[in-house]
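Going by the order they are written in, the chains are A, B, C and D; count residues from 1 in each one.
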Amino acid sequence: MSEDLVVEDLHAGYGDARVLHGVRFTVRQGEVCAILGPNGAGKTTLLRALSGVIRARGTITLGGTSLTGRSPDAVARLGVAHVPEGRGTFMPLTVEENLRLGAYVRRGPSVEEDLERIHTYFPVLKKRLKQAAGSLSGGEQQMLALGRALMLRPRVLLLDEPSLGLAPLVTRELFRIVQAINTEERTTVVVVEQNAHLALGIAQQAHVLETGRIVLSGTAAEIRADEQVAQSYLGYRV
Amino acid sequence: MAAFLQQVVEGLGAGAIYASLALALVLIYQFTGIVNFAQGELAMFSTYIAWQCVAAGMPFWLALVVTLAVSFAGGMLIERIIIRPVEGAPELTIVIVTVGLFIFVNAAAGWIWTFLIKDFPNPFPGGALEAAGISVNFSTLGVLGVVALVMGLLYLLFQYTKIGLGMRAVAANPASARLVGIRVGRTLALGWGLAATVGAVSGVLVAPLLFLEPNMMGGVLIYAFAAATLGGFDSPLGAVVGGLVVGVAETLAGAYVGFIGSDLKVGVPLVIILGVLLLRPQGLFGRAAVERA
Amino acid sequence: MRVSAIGCTALLLLAVAACGGRDSGGDTGGTGGGTAAAGQCAGQQTTGITDTSIKLGGIYPLSGPASAYGDIPKGIKAYFDYVNAEKNGIGGRKVEFVVRDDGYQPPKAVEEARRLVEQEQVFALFQTLGTPSTAATWDYANQRKVPQVFVATGASQWGTDTAHPWTIGWQPNYISEARVYAAYLKKEKPDAKVAVLYQNDDFGKDLLGGFKRALEGSQVKVVAEQSYEVSDPSVDPQMRNLAESEADVFLNVTTPKFGSQALAADAKNTKWNPTHIVNNVAASITVLKPVGFENVQGVVSATYYKDPNDPTWANDAEMTLYKQKMQQYAPGADVNVPYHTFGWAVASSFHKAMEAAACPTREGLRDSVRNLKDVKVDMLLPGVTLSTGQGDGFPIESMQLMTFKGERWELFGDVIDTRKEFGPLTG
Amino acid sequence: MSTTKAKVERPASVRKGGGRFDWRWAGLAALLAAAVYAPFQLVPFHVFQLTMVLVYAVALLGLNLLVGHAGQISLGHGAFFAIGAYTCAILLDRFDLPYPLTLPLAAAVAFVLGLALGVPAMRLRGLYLALVTLAIAIFLVPLLKRFEELTGGSMGLTLAKPTPPAWSGLAEDQWLYFLTLAVAVAAFLLAASLLRSRVGRALHALRDNEIAAEVMGVRLSFYKTLAFAWSAMFAGAAGCVYTWVIGFVSPDSFTVNLSITLLAGLVVGGLGSLSGPVLGGLFVMFVPSISQDINDAAPGVIFGLLIIAVMYVAPTGLAGLAGRLIKKIPRKE
């Protein structure tokens, strides 16, 4: 079980509004797992519950360590990097500062090495290191968010709708990088995505979430082959 | 002309006082989005601590260090005990809590130290610097110098230390700061502590000029608000520049605008606040709240 | 208070009856449990006074920006405690002094006055502090025929007004004080040019107005005047403007904090060295000390009571008694605070006035305070006495000039009886 | 108290349960009956205190329109209160107007000034509006002193109180109480009908989401300005009644403390409900003297702590607390 992310019987919501009703799934170490589903299904809520942004009932364990009930900063210190919806850019700070914040809970000279590594993934950021992050384009900000997350040297990367608001070309580039990261760094990735095509393209496992419940699970290929999914999320019939 | 320049110098002297308190206001606003109405009273209370230390026989500079340390701890404690329980409550609830704190601290200071004025040692020499027919008091220069020094230290802290980076991250995006592992609660407390410390510096600076009593900062507060508004509520540099501008504007208006005279001078901050908010709501140095999606 | 809060809660819970009837609850003027006055005093009001007790109520700012004056009732309480314990009260009557806080807010003063009169059933309002609070309550006191004696404000209207016989001041009024300074200048500096800093309220305007009127016909001229608001952080800008006038006399009409600021600003400005006259309100040692004694040498003022900080009185019997009894009955209070002395002296004045009253009734007190003849009171300067009479509603109208030397005020010249010198004050 | 709230704010739920409907009306009627009966039972001092509670309640009702219903913060409502009080005093003192006429005039003057100040103020939000209004409140005091011929300067104006007509057989305090009660009831009815109208709905939309409200076609600036003017009008009317009751106005009566106390009273009482202002009025009236009873040396220490304490226990104010408590009762049944 080493570094698997295990979620069991997860309930979460906002105030009186329950959103997740007993979600259960496992992501094996080094795998990419895609969470699909319509708007309002609870995908973002699921990621928030995983990273501790909202309180949840149930069990979440990472490599046997329980994440449930921990605050987001504690979860981050355990190696879970959450790239939130809207990217969470620190607008007035420079690109470099944004990246360094990613490594906030780590110490040591390796931070400088990691900065170099990020530059190889995202050459575009290197040119803009001293620029205010708020002045970046949407795609660049998304790359910055990914870069910031990588600076944590995460065991698990949680990506919330990385394609939102981006041009198709940029999105494709982004997913290419995520895949590269996954293969090169052996980082576990959970990606929530409307664009099921792209997500399934890099995922090994996938789950379909509807009204707070997982209605379908399987390998990426199985999910792609499912007629319902094809109709609803892939926009074509099999 | 010399008379005019002299008025400007006087204005800068008053402005330095406003600037120092505005700086403390801005620090808290930056990190928490709270306008702390009790900021001036906390500064006043800190000054009393310094006074008590000096009265107990401590040398001034040691007393200052002790006061700054106590203020820092006190600021953090207030965040923990008074503000934390209402964190996330509507803006107005927090405003009212700081108003309650204002009343409480003011009365507590009067209770402990009475409402009689205390003499507070002036760390700067008396006398004045004379040049070109203008005289600048050493204490005015001292206040300006210390405000500049505090600004500089804050700049170093925010730009070149990891803690400072974390604090700016919290100010910019608390939710996201939490996700990168920053303990936001601790940082907010740190912000309050820092603001209380800057406030303490402000109080110690102005006490020899305004004379120490529990209502010392009451009159300064509205000018500090005007300064912070003018400079931009999220810009420490703006607070200082704003303070100086407000001080000069107020002094010149009082001296040269017949209708205003010295009794209606307090209309100056009103005009400044209103003017800034209508023409440039983010202030001179603030950043527009518009963010790119 | 607690009773009324509960009363209102009860009302809201529809339990009005629990509150007691309107007629049973005390507000009944003369019959509220006092001694029945007999003889010439028959039919007069005896609320709040019995053969063994007398109940007084005072209203002071214990909270808010004017709280410094909250020390006055401490001196008063100490005096009454001392008299109760060691002198068997005033003529056998133990004094109970109820203090209420109005935060220097007139509507609050009205509420507290009504509480004291209607609920606490006091015999008299013994001091309301400040012109606004007194002006807000004196109609009420006079309608109810409750003595409002020795109010702690120097506005001249308490003495000149004829429609409010139940209200009377105590300290020298601001206009009389201004006359003392004007007389001093006319004699010492007959062609002086004067710059004035004044507080923009009744106090400042009364004093400035009185000063100007007293100067009429002389060569002394007011060449510059600047006002400040109590909400101003500092009077430094005003002082700068006044300095430009290059006047040779500076009249400092301020309250304590601003007094210190103005004295300090004058001291700092080495190019402008006028004769500095500071009015009595800001002439306390506690105001001068923070400025530094070396900076206030030669400052002129006028006073009427003994400053506990002044070594002149170190061996004075009244001063010794005051300090000793203050320590005994108000432990923790600083005997050197002049507000305590003020309280002590005004309480002592009440003692004398009450003793002199023909009847132990409200009417008796009213008549007594308006018929004082050279009454000597503890802690007033030698030669300063209380005098009132037909058409003279100002108990203290004598002051003596003083100048600051070394670490203390030094009195000079004679006690100036402003009545004799300048004629009576009229509205 | 919360019966009022429930009745006005949740007509739907009221209509649903017939039994509760009656109970609420009965409560309200009983309350009014008690309010009418009270001055015949209470001593004049308590009648005076209740009168002042009603005066503050009317002012808070106005503040509540702005803060509770339109979501704008004003730290300067004492200024409009003062405008009303002074307008009334000047009309009585300088123009010898009969006192009933002063009320509509004072309210009108406050309304117009509110409208004039509302035009620039409408462009501000949240704390910024708070700062502007705070500065206005501070500025008013020297301004009142400046126009001495009219306002009596720092000495203020002393006025005769309205005398009860002979036919009523009432004492002065009772007559003032009933005048105030009448104004308060009228103010409450007016506020309630305002809130039920299209305007009230627009204000709520504004408070809950300004951008959405604008998208929905609510004329933002128009309604904000209007809310400001109305709230000024209520404060002005309260100020006028204040002048009747106290018979004295001076700049020191209307310092910035009043504005801050009013806002604190409203928030403590409860925002956005009709019972909040009454509870707030009780708070403004009684808590300072209770504080003095607890700590004679420094009443402010207790007052400050009480404000903070209420915010902890009941972040939505006493009305909210009462509402929560009452909600719990029927659930158990």
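As a convention for this text, a residue touches a chain if its C-beta (ideal position, glycine included) is under 8 Å from a C-beta of that chain, and two chains touch if they have at least 3 such contacts.
This structure is a prediction, so every number in the text was calculated from the model and none was measured.
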Steps needed, at minimum, to go from subunit A to subunit D via contacts: 2
Central subunit by CA centre of mass proxy: B
Whole-Å gap separating subunit C and subunit D, where each centre is the average of the chain's CA atoms: 35
Whole-Å gap separating subunit B and subunit D, where each centre is the average of the chain's CA atoms: 33
Computed distance of Cα centres, subunit C from subunit A, in Å: 74
Shared-contact residues (touching 2 or more other chains) in subunit D: 138, 142, 145, 297-300, 303
Shared-contact residues (touching 2 or more other chains) in subunit C: 63, 200, 229, 231
Inter-chain touch pairs (all): A-B, B-C, B-D, C-D
Of all residues in subunit A, those that touch subunit B in their complex: 51, 53, 71-73, 76-77, 81-82, 84, 86, 88-93, 97, 100-102, 104-105, 134-136, 138, 141, 148, 152, 165
Residues of subunit B touching subunit C in the complex: 3, 6-7, 10-11, 13-14, 17, 107, 110, 114-120, 126-128, 135, 137, 206, 209-220, 223, 250-251, 254-255, 261-263, 265-266
Interfacial residue positions of subunit C with respect to subunit D in the complex: 1-2, 4-5, 7-8, 11-12, 14, 16-17, 19-22, 25-27, 62-64, 99-101, 103-108, 110-112, 114-115, 118-119, 130-132, 135-136, 139, 155, 157, 200-202, 205, 229, 231
In the complex with subunit B, residue positions of subunit C that touch it: 63, 65, 67-68, 70-71, 200, 226-229, 231-234, 236-238, 240-241, 244, 256-257, 260-261, 264, 268, 270-271, 286-287, 289-292, 334, 337
Contact footprint of subunit B on subunit D as seen in their complex: 67, 73, 120, 123-124, 126-128, 130-132, 134-136, 138-139, 142-143, 145-146, 260, 263-264, 267-268, 271, 297-301, 303-308, 311-312, 315
